[in-house]
Amino acid sequence: MHRFANPTRFLRIANAVFPWVAASAALSLLVGLWFALFDSPADYQQGETVRIMYVHVPAAWMCLFTYTVMAVASATYLIWKHPLADVAAQAAAPIGAGFTAVALATGSLWGQPMWGTWWVWDARLTSVLILFLLYLGHIALVNAFDEPERGSKAGAILALVGFVNVPIIKFSVDWWNTLHQPASVSRLDAPAIDPSMLTPLLIMALAFKLFFVTVLLLRIRSGLVQRRIRAIRMIEQAG
Amino acid sequence: MPLERKAFETQADSLSATGLTVARGGRLVFKGVDFSIGAGDALIVKGPNGAGKSTLIRTVAGLVPVLSGTMTLSVAGKPVDRPDVGIHLAYVGLQDGTKPTMTAEETLLFWRSVHGHVPDAAIITSALDRFGLSRRSALQTRYFSTGQKRRLALARLIAVPAPVWLLDEPTVGLDTDAVAALEDCLAAHRERGGLTILATHTPIGLTGSPLTVDLADHQPDAETALAALTGEDLAEDAS
Amino acid sequence: MSGFGAIVMRDLRLAVRQGADAAMVVMFFVLVVALFPLGVGPEPNLLSRMASGIVWVAALLAATLSYDRMFQSDHDDGSLDLLILSPMSLEMLVLAKCLAHWLTTGLPMLLIAPLLASMLNLEGEAYPALLAGMALGTPVLSLLGSVGAALVLGARRAGVLVALLVLPLTVPVLIFGVAAIEAAATGQTSRPHLMLLGAASLASLVLCPLASAAALRHAAS
Amino acid sequence: MSGFGAIVMRDLRLAVRQGADAAMVVMFFVLVVALFPLGVGPEPNLLSRMASGIVWVAALLAATLSYDRMFQSDHDDGSLDLLILSPMSLEMLVLAKCLAHWLTTGLPMLLIAPLLASMLNLEGEAYPALLAGMALGTPVLSLLGSVGAALVLGARRAGVLVALLVLPLTVPVLIFGVAAIEAAATGQTSRPHLMLLGAASLASLVLCPLASAAALRHAAS
Amino acid sequence: MPLERKAFETQADSLSATGLTVARGGRLVFKGVDFSIGAGDALIVKGPNGAGKSTLIRTVAGLVPVLSGTMTLSVAGKPVDRPDVGIHLAYVGLQDGTKPTMTAEETLLFWRSVHGHVPDAAIITSALDRFGLSRRSALQTRYFSTGQKRRLALARLIAVPAPVWLLDEPTVGLDTDAVAALEDCLAAHRERGGLTILATHTPIGLTGSPLTVDLADHQPDAETALAALTGEDLAEDAS
């Protein structure tokens, strides 16, 4: 796996696969959205608002997934010192923050009709909000240092420490009796949810994953270029 | 704990570096620095402002990571592995490491016990004496002038004996008496077979013929700097 | 005296001499608690419902304000370089720092908490849970704080940054601590919550020193 | 450019370059607001009753954390000596500092407050009072903060000390700010409270620079 | 505003002190210091560490209160009243007053405008040139070494002209080129009829015969110290 950790070699591979990933992301997104918006039944109870699910749930899944990716990359960076892992972790953070923001936004949009309020301070919602702040904190920390090296290392350590929050989010709904999960799982697990609703959801989930990979590749690439630029600028400024 | 006892029984035989290259703030500071000193030797680090003297000394201390090159301190015949190097060093940098509300005496006592030495009033007094601080030993250091703080920092060299001394511009802010005192200490230290690395702009009287590195000869040219700072080498470095 | 003891003693001495840090943290703790009745109005029943929450939130905030002093001044005056070079392991150093920090922050808050709770007229049977919760929880604050404090060394605006990093991580402590009190107040058992707090403090006792030490190792330079 | 403008510009530039201070203060503000519901439980009606209080308390605390940056760094790196020796009057200096501080602290909080209030589902008709209150109140926080920040210069543990000095002084702001919102929420007029806030900010605009300037004069040496 | 214009048109004719006595931290530092310098003169403040050199200079600048004694700066024939003295001074102390995230150029521009001078690129460039920082003018000062920061602090003397220079150990941390540059500046300043007070441990080449005060001769003995610190004198001083 170390072969891929070499930036130049990685760039070659990345450039090769990028178009395909991007294309399939776009395609699956289109298909998924079409299903979600037009070719799936409105919920007998929630009505049209159920369609929010097709964005909310994948986004919510991704915000946890992305943080996991970040933690793994950070560990790789700290243990094997692969610069690429560091670039990857830093590239993932803003994307994860984005997904979390979407989960929060769609969630509260959905909450209005479902729970009659935009926001409840139950364990899941709060822990997701904290996840969001962790993302922002990570971004702030990485950029708060003179030494880029320091920022990377500090960010990596924080990512690992903050990972404890992920299981908390995942199981918050089981640990504390919250407004959130009952509404959801019963709806998902119940036989009531037929393929016509599950398929689009899964397609959307796939689309979000592909989208993530696409953006991640882009950001890693620009991250590597940025380092080169910074090096050049520092040299011509300070000689 | 054994670690703590090790500290003051050792006697280093040699400290050497080859092809030392260091970057700070994403910028290459110096490249390809070689030196090798044995028991009783002193190495004077020269160079204009910004050449990298402080950086070099902090690198030797292990406080700044090396980009490439090797460094070996050998004690009692065998090389010391990186994490333990610090134990054999006494570092006096630009910051004095004094606490405004601690007296001169308390400061030295503290550093002794941190280094696992038995608190020994006699040594403390002699150390303070050596730098003309005995009358101020019970005074909190917030009442010390610049030079008096520097003197206290230097008194640490006597209070906490170590085979290798790393001194970064030790004469800064000292009056002539203090400089003389420092020169005596250096002579005695080298008598005992101690090693010394010393960065300075002002001449310091040293017995024998000290070795010198002039960092002006090790400033990086643009290409090397660029190569060293872009991902590839880092990756190779990690492998 | 061992290096560990030396550092604890020195930090305590500094805390005492430098205008009684401990006193200040406690006073901040009191102030925050005092602000609330002003903010949300004085109805006793409302306050007593919120008492547990207010006390814990105040504790978190007061602790947050005190994190930056754990390593920052040592970093600024060059002591940290010397400590890193000293023979004692960084993990031990961190533990010593955390102990000193807890003795000057967590302990005083623990001692004054009952008084504040009574000012917010918390139910009588909840006090054991309050004390047990704080006894188990405050060490976690110090330990997690050390990680944040070590991470932001040399960073710009370290003060606010450390708050941002640590507060989210300490939220579970808040939740369990409050839950324990609520349980006791409503006559249920608060053992499970206290167990969770205990688990949290054990976990952080093991993990935080490692994380902080790793952060400190990179903090120099 | 006049000295006044130069200082404001420079402080803003520093704020932006030094890892977006403003963003951090706002994030802390958000965090504090987020902590409360965790502490006191999620019941919407309870929260909406406390919303105004929570938002204002959070604003006070967030501002408190940011005071130390007003003069401390200038004091530590010697810039303050030079500013004191410069031809511009200390009062102008203080005003410039306060303006810069408000632009990077009060203003962003003012902008985000409605969002947080809505998360605590504050009654709709209270928002104008919330905004007006913060617009009138946050300058007072910056101005009073400058006094505290100037007073503690050179003191050790300035961070907590300034909090202790300033928080009590800013309590009236909290009370009137909350009262204004409560009034609006309960359908009464909030004008009197807002008037009082306005008076407070005018008074502090006149008095605080004098006090801070006096404190600064002694801070050197 | 008039205040701001005053700053750089003035030409001081004399600065004198009689019976200057100063206490810090409740302790008498020096007593009965007299000096008087005219246009073009330089006063060198000597004394061992802790004699009170920095204190004397900060006292002249008005940053430290005097316990007893008088000080008069006369400009254009008439004495300047205390609060306005600062306007005519350029003080370079031990702290450089540089901000890590501001570039060298921005720093000088800022100090110019604070002193009410028009921003003048030419002067800034020449000032940076003078101290060999021109290649670093666009570099943030966090990347500066100790000596580079010192150089920037000294460049302020050129960028913000003032008739009276107060320099506290200006050569600390400077390499030989920088010291030479400083000596040139001093010569030119005195040519122009500027006044200089300068504390130093290392010899500085000064044209003509500079006056000197040796604070070693002004250390207080116990009883004066006591007398000076008891209420009466303070009262007189205040009256």
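Worth a mention:
So that you can tell them apart, the chains are marked A, B, C, D and E in the order they are listed, and the count of residues begins at 1 in each.
Here is the rule we go by: a contact is a pair of C-beta atoms (placed from the backbone, for glycine too) under 8 Å apart; a residue touches a chain by one contact, two chains touch by 3 or more.
A quick note: this is a predicted structure, and the numbers were derived from the prediction, not measured.
Grouping the chains by touch while chain E is set aside gives one piece.
Shared contact partners of chain B and chain E, listed by label: A. Comparing chain pairs A-D and A-E by the number of C-beta pairs in contact, the larger count belongs to A-D. Mean C-alpha positions place chain A and chain B at a centre distance of 47 Å.
Separating the centre of chain B from that of chain C, both taken as means of CA atoms, is a distance of 36 Å. The centroid of the Cα atoms in chain C and the matching centroid in chain E are 45 Å apart.
Averaging C-alpha coordinates per chain places the centre of chain A 31 Å away from that of chain C.
Among all residues of chain A, those that touch two or more other chains are 126, 130, 133, 136-137, 140, 144, 146-147, 149, 234, 238-239. Contact of a single residue of chain C with at least two other chains is seen at positions 18, 155-157, 161, 164, 168, 171, 175, 221. Multi-chain contact residues of chain E (touching two or more other chains) are listed as 24, 94, 100-101, 142-143. Taken chain by chain, the contacts fit none of the simple shapes, being neither an open path, a ring, a star, nor a full set of pairwise contacts.
Two chains count as a pair here when they touch; such pairs are A-B, A-C, A-D, A-E, B-C, B-E, C-D, D-E. Residues 100, 135-136, 138-139, 142-143 of chain E are the ones touching chain A in the complex.
Residues 1, 3-4, 6-7, 24, 58, 61-65, 86-87, 89, 91, 93-99, 101-102, 106, 110-111, 113-116, 119 of chain B are the ones that touch chain C when the two sit in their complex. Of all residues in chain A, those touching chain C in their complex are 78, 123, 126-127, 130, 133-134, 136-137, 140-141, 144-147, 149-150, 153-154, 157-158, 160-162, 164-165, 168.
Only residues 146, 234, 237-239 of chain A touch chain E when the two sit together in their complex. The touching residues of chain D, counted against chain C in their complex, run 18-19, 21, 24-25, 27-28, 31-32, 35-36, 38-41, 46, 49-50, 52-54, 56-57, 60-61, 65-66, 68-69, 155-157, 159-161, 163-164, 167-168, 171, 174-175, 178, 182.
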